[in-house]
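The following block contains the structure, expressed as structure tokens.
Chain nomenclature is as follows: A, B, C, D and E, assigned in order of appearance, with residue numbering initiated at 1 for each chain independently.
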């Protein structure tokens, strides 16, 4: 029974994620004064990709890469509470489990892309990993005060502790929240941190050698990724009390990110990393100081 | 001014001159002579230590008549040894100097600067 | 009953015989030193059991001390005599394998060993001066024997300082004679309390300079690097393993047994540590490996003297055990270093660190032996040096200078630095192939075996050194065993 | 100049210290004989039979020193020989000795040798002994070196004398060890003091020393001359 | 007595291999047999609580075994087995095994030592022979690196010795025992001095300067033991110093622990950054090793039951995956004769087992579940947050991000990307390496899923010193902050993987494409075309870090050394005069002393 439940869960999140992507394209198009594709377009794309007869593979790892990527993000999803809704699997100390599982996806993709022997792919990966030095640390530092203040390492407990509006972490720890917002932009890989894909520069980076069902995998990986990443942020800073609220929260966070994306140019990689070590880091540290002062 | 000043003074003076020459001399043989002078001064000093007021040489030529008042024989015996040792030292030194003169072509001490590094 | 005086008498006899033998055949003289020293060793060993607490008294001219000269061998002196003869024996074997030389060289060598053994065996102060002179004069000759610029210069410098130093030593003896009326060490030691302090001070100062030259004490040791560098390798071995050891013996005898630690020892305490520091600092940047070893040798002697002088702060037998261990370690370790350095250079007398590059690879044995020598000097475990170093530190601690241990260790770190640099250098790059003769190699291996055997199982050495230290420590026993119950 | 001044200051400071020390502590001639010196003066003649106390000290009481002393001289001679061996002789203008010198030295030489022998034979009776005697003998040779152009004693002979005398000295000492259980013990009969055949082994040792020192000094002089 | 015999067995094995030198097979067999004999003795006979002493005249050697002895002993012996397996294929000679076994003797002996002098003896033995091992090394730089290693380890050893003497002086006991009762601040000095060699061995900054060079320039097989085994002595030393010697450090000098923790954090971070800037596989791994050891220091610095368990477990994990990584690199070097990351690539097809080894090695290094790297990192984060040092937590987190960077660089540059032309005939690493890889993969997973096996033992070691707070059983851990069930994480991942595979197999088919069959923006490429992106990997990060990357302790140290060299030159000037000057010293000395004695004359 629970396995079936899990399938539905995964399917739901995947579809919602794909729809978010559709929204993103639509919004960006409107911002740029274009019409844009329909919102469901990414779903069609994925179906088409999976429907392709065959796909080129450069080797075992190249084949397994997208599979591992989806494995990682799927496993993460299981530990992520969608609002007040108890996650499928949970135990109290899951923050670090989530954080580490979150890495499995990029790692799988990186391994797969690496084997393709295409320099564009590897450069993309190198950028992706380097970017982590920027946004991951900021994200982590931004969320730490929340966990610290609630004396737990469980995301679920943090949600429970926040309850309703005035107790939102976003309001209690605004400095950390701002730092977290910066981090989310990088976490989602949107402009100005769109260095990994950088279509004009490195031909969509890690994805360059992927086609057919591999690309399909990567698409749904990305889709779930959007939900998981924004969801983590929303869980921690807004404490969504139900699943609807969760999706509303993730949607708005994502929308904000997309809007920024639409108007921003792209950083160079070292600029991006250094950017994170500037103001966001300051905010993150101030956030930590704030929680020290309040306790 | 008693005899003590004379004997001690002159032998110490010899020693001082020996040191002074060894310190300031440029020529190797001069330095060796300085050292020798030092030795000589020392030997004289040792001999003068052995003097006993009014004493005679410790040779009892009219044995069995024994003089009670003789000078100390021990420093004399020691000096005998010391002189010979001094001679040996100087002889060895001279041999070295001769070789130095041959190898370096000079006896100037400030030219002996092979051993530095 | 084989009288230990034969050690000296027979050596002299053999030395005098060498020219006669040289007239018969050019090959004969080189066999004299090994035979002579072997006989000496046998004589010494046959007397091993007879020497117990106190000193063994051997009169000359059939008259009891203090009237006549006597030999006084206690366990301390016996140990040093054994050390000197052993190293001497090994070196004499080494010379056996060298090219034909003037037979007078063997005479000089034999007399050098004789002088050192005489110093450690005699019980008479003036007699020790005579032997000291024998030792010194033969050393000048041996240093200069190469007859090239460096050796001559080294010999001359050594001679100048040595001559003045020993003259002052003589003056010291005379001062003591004038105040006690005796030249016998035990007798003087007995009468020492009667001498006014000011005379003691002055005599101590004179002895300090005289012995300081021999034991390479700080301001008086400037000749040492030059002489070590100028001399050929085996002679450098001799300088560090034999001559300086005789100096140590003399220092212990005079400053402890005679002066009973009065004044001069305190000066030695400071000068010892200063010597250690300055010499190690000087070695730090030295490019000429042989000169570096010389500095290291001076440094080790400084440490040894420092430890020795601690006795003035705290009377403890352990301190004497330590100096014996240090002396043994230094004798074998430094000897091995000089010899293996000679093997590494292949007799070219090119000692610069760059010219040694890769020599340890082409001559693996010599390289390894050099490394072993360095390790024992550095006090690495499984080498004898470990125990001597630990003992030295324990002695320093016992005397209450616990913070000085830090300083000593810091300075030892310099040692690691410069020895490590050489070791690394000889094992990197490619050197030209050279070979070491069988005898040469086996001599070095015997040195190394001593170091390792003592290092792995130090128990016998400890007990031997301890007994010797007791003999040195109990000066009243020494005095009564020479002078009779007084 | 500065060097000289500094050296002067320090050398004189050294002298000043030394002088003031000895002058305060060992006033000249006011020291009574004590310790071993007193013993030598009182008992020396009975014990060893030599009227010259210094001699008996040198050869017997402190005979071991003398053996060492002889060794030092021997060492110097051999060392010198070793260092100067293989010297490349340079041709130098040497002044021709005059006829007077040549002739007188020829006659004087045996006399000098005789005088030297006299000194070492009477060493235990009168001032002198083996060392001065040896030097006197060497002086004789020195005279010959200067005055006679062709004079050249056999190196072999010198060396053999030297070695032989040395070995004899040691053997004498060993005799003492064998007969009286003490090295250099006076084993020969003491005889009547103040006669030539007295004082046991002292004359023997002095004769040996005389030969030895004579040959060694001559050897040294000869080596030096050849350079 | 057994303890002594174990050491004796190792020493004798070393000597035997030296004398059986000429025949390689015989040597290998003897080494293996000797090792097996020694470790069998260890495993069957060493129980906590054994005591043995041996008298050598002045000194008494005291041995004692405790829980920590068994724990570290087994780690070291296990890693040594891996080293032996790999070294069968290395170029070795008699002295090679002699040095290796004596190093082992020292390392195992240190675990037994009960008094500080024996400890020092065995510790120096270990340092000395590992130095010789590095000196024998594999390339031109080895002697230089060995020199660096020697100087550093002796520096540590001497500091330890100084500390020992201070302790003996103040407490009159040479045993490893408590010093917290000593008055004054000298006990802190003692602690610091005693801790120094372990900080050096565990390459804690700023004592790490020797490590990258020594690790990368020693023989590949030995590096496995060097990094995996010997660094554990450093950890053991932390334990000895902080728990056995200064038991009340937490209450008396809490700031000292904080400093250690922060040093650990800085080490982890900076070493991680240096690691991903390296272009040499072994250098990269060396820095990674240093970085991982930094976490251990953090664990000790936090000084709670959780953190110390985490530190111990991390040390264990470090032994497993760092050995694995070095072993794989050794195998690769054996085949392709280079460790330069820019000269390899695409070896996955040729050396699949090695790839799997390296892959799981880096996964464990990065701390991704369900491998051995995860439990310790999880616990460490919880511990640091509980301590309340959020900045340190962030620093440690930053360090673990760098782990992803260098891990990927390593695996990509060696195994992924384009295969070089000259490597087309490369075969899988030989049997010894393969065995080693498989042997190491077992604990890598087993302990990752069931950490309780080890945690139980660790708890025994430290529960005597710290209040046991961590709740654990075979597969779970519980702290006040949270709870984790390791097999569940593993099962989730495996089942998710299976699901993804099913999706993969449902749709479409794949065909194999050649490596040159690539998107290159219409440029035609041939076999010779350099497609592999390995040079200047993360090169842009140099710009990101900018100037601070150029700062280094080494430069500071060199400046310091120059000062000493200058003093040395001055000291040497003393010995450069002519004979008259030397005589002048003599006269001066006389005058000075006479002047000082002054009126007394």
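Quick notes on this one:
Throughout what follows, a contact is a pair of C-beta atoms (placed from the backbone, for glycine too) under 8 Å apart; a residue touches a chain by one contact, two chains touch by 3 or more.
Every value quoted in this text rests on a predicted model; they were computed, and no experiment measured them.
Chains making contact with subunit C as well as with subunit E: B, D. Hopping across touching chains, the smallest step count from subunit A to subunit B is 2.
Here the chain-to-chain distance from subunit B to subunit C, counted in touching steps, is 1.
Taking each chain's centre as the mean of its CA atoms, D is the chain most distant from subunit A. The geometric centre of subunit B is 15 Å away from that of subunit D, both derived from CA atoms. Separation between the centroids of subunit A and subunit E, computed from CA atoms only, is 35 Å.
Chain centres here are Cα averages; for subunit B and subunit E they lie 68 Å apart. Put simply, the C-alpha centre of subunit D and that of subunit E have 74 angstrom between them.
Counting partner chains per residue, subunit E has residues 578-579, 583-584, 587-588, 590, 594, 601 touching two or more of them. Subunit D has residues 7, 10-11, 14, 21, 26, 31, 33, 36-37, 40, 62, 65, 68-69, 72, 75-76, 79, 83 in contact with two or more other chains. In subunit B, the residues touching two or more other chains are 19, 22-24, 31, 45, 49, 74, 78, 81, 85, 88-89, 92, 95-96, 99, 112.
Touching pairs of chains, sorted by label, consist of A-E, B-C, B-D, B-E, C-D, C-E, D-E.
Chain contact summary for the complex, subunit B toward subunit E: residues 19, 22-25, 31, 109-110, 112-113, 116. Residues 576, 578-580, 583-584, 587 of subunit E touch subunit B in their complex. In the complex of the two chains, the subunit E residues touching subunit D come out as 584, 587-588, 590-591, 594, 601. Those residues of subunit E that touch subunit C in the complex are listed here as 56-59, 102, 106, 117, 121-122, 124-125, 128, 135, 140, 142-144, 146-147, 150-151, 154-155, 158-159, 161-162, 165-166, 168-169, 564-565, 567-572, 574-575, 577-579, 581-583, 585-586, 588-590, 593-594, 597, 600-601.
Partner subunit E is touched in their complex by these residues of subunit C: 156-157, 160-161, 164-165, 168, 197-198, 201-202, 205, 208-209, 213, 219-220, 222-223, 225-226, 267, 278-279, 281-286, 295, 318, 321, 375, 378, 380-382, 386, 390-391, 393-394, 396-397, 402, 405-406, 409-410, 412-414, 416-417, 420-421, 423-425, 427-429, 457-459, 462-463, 466.
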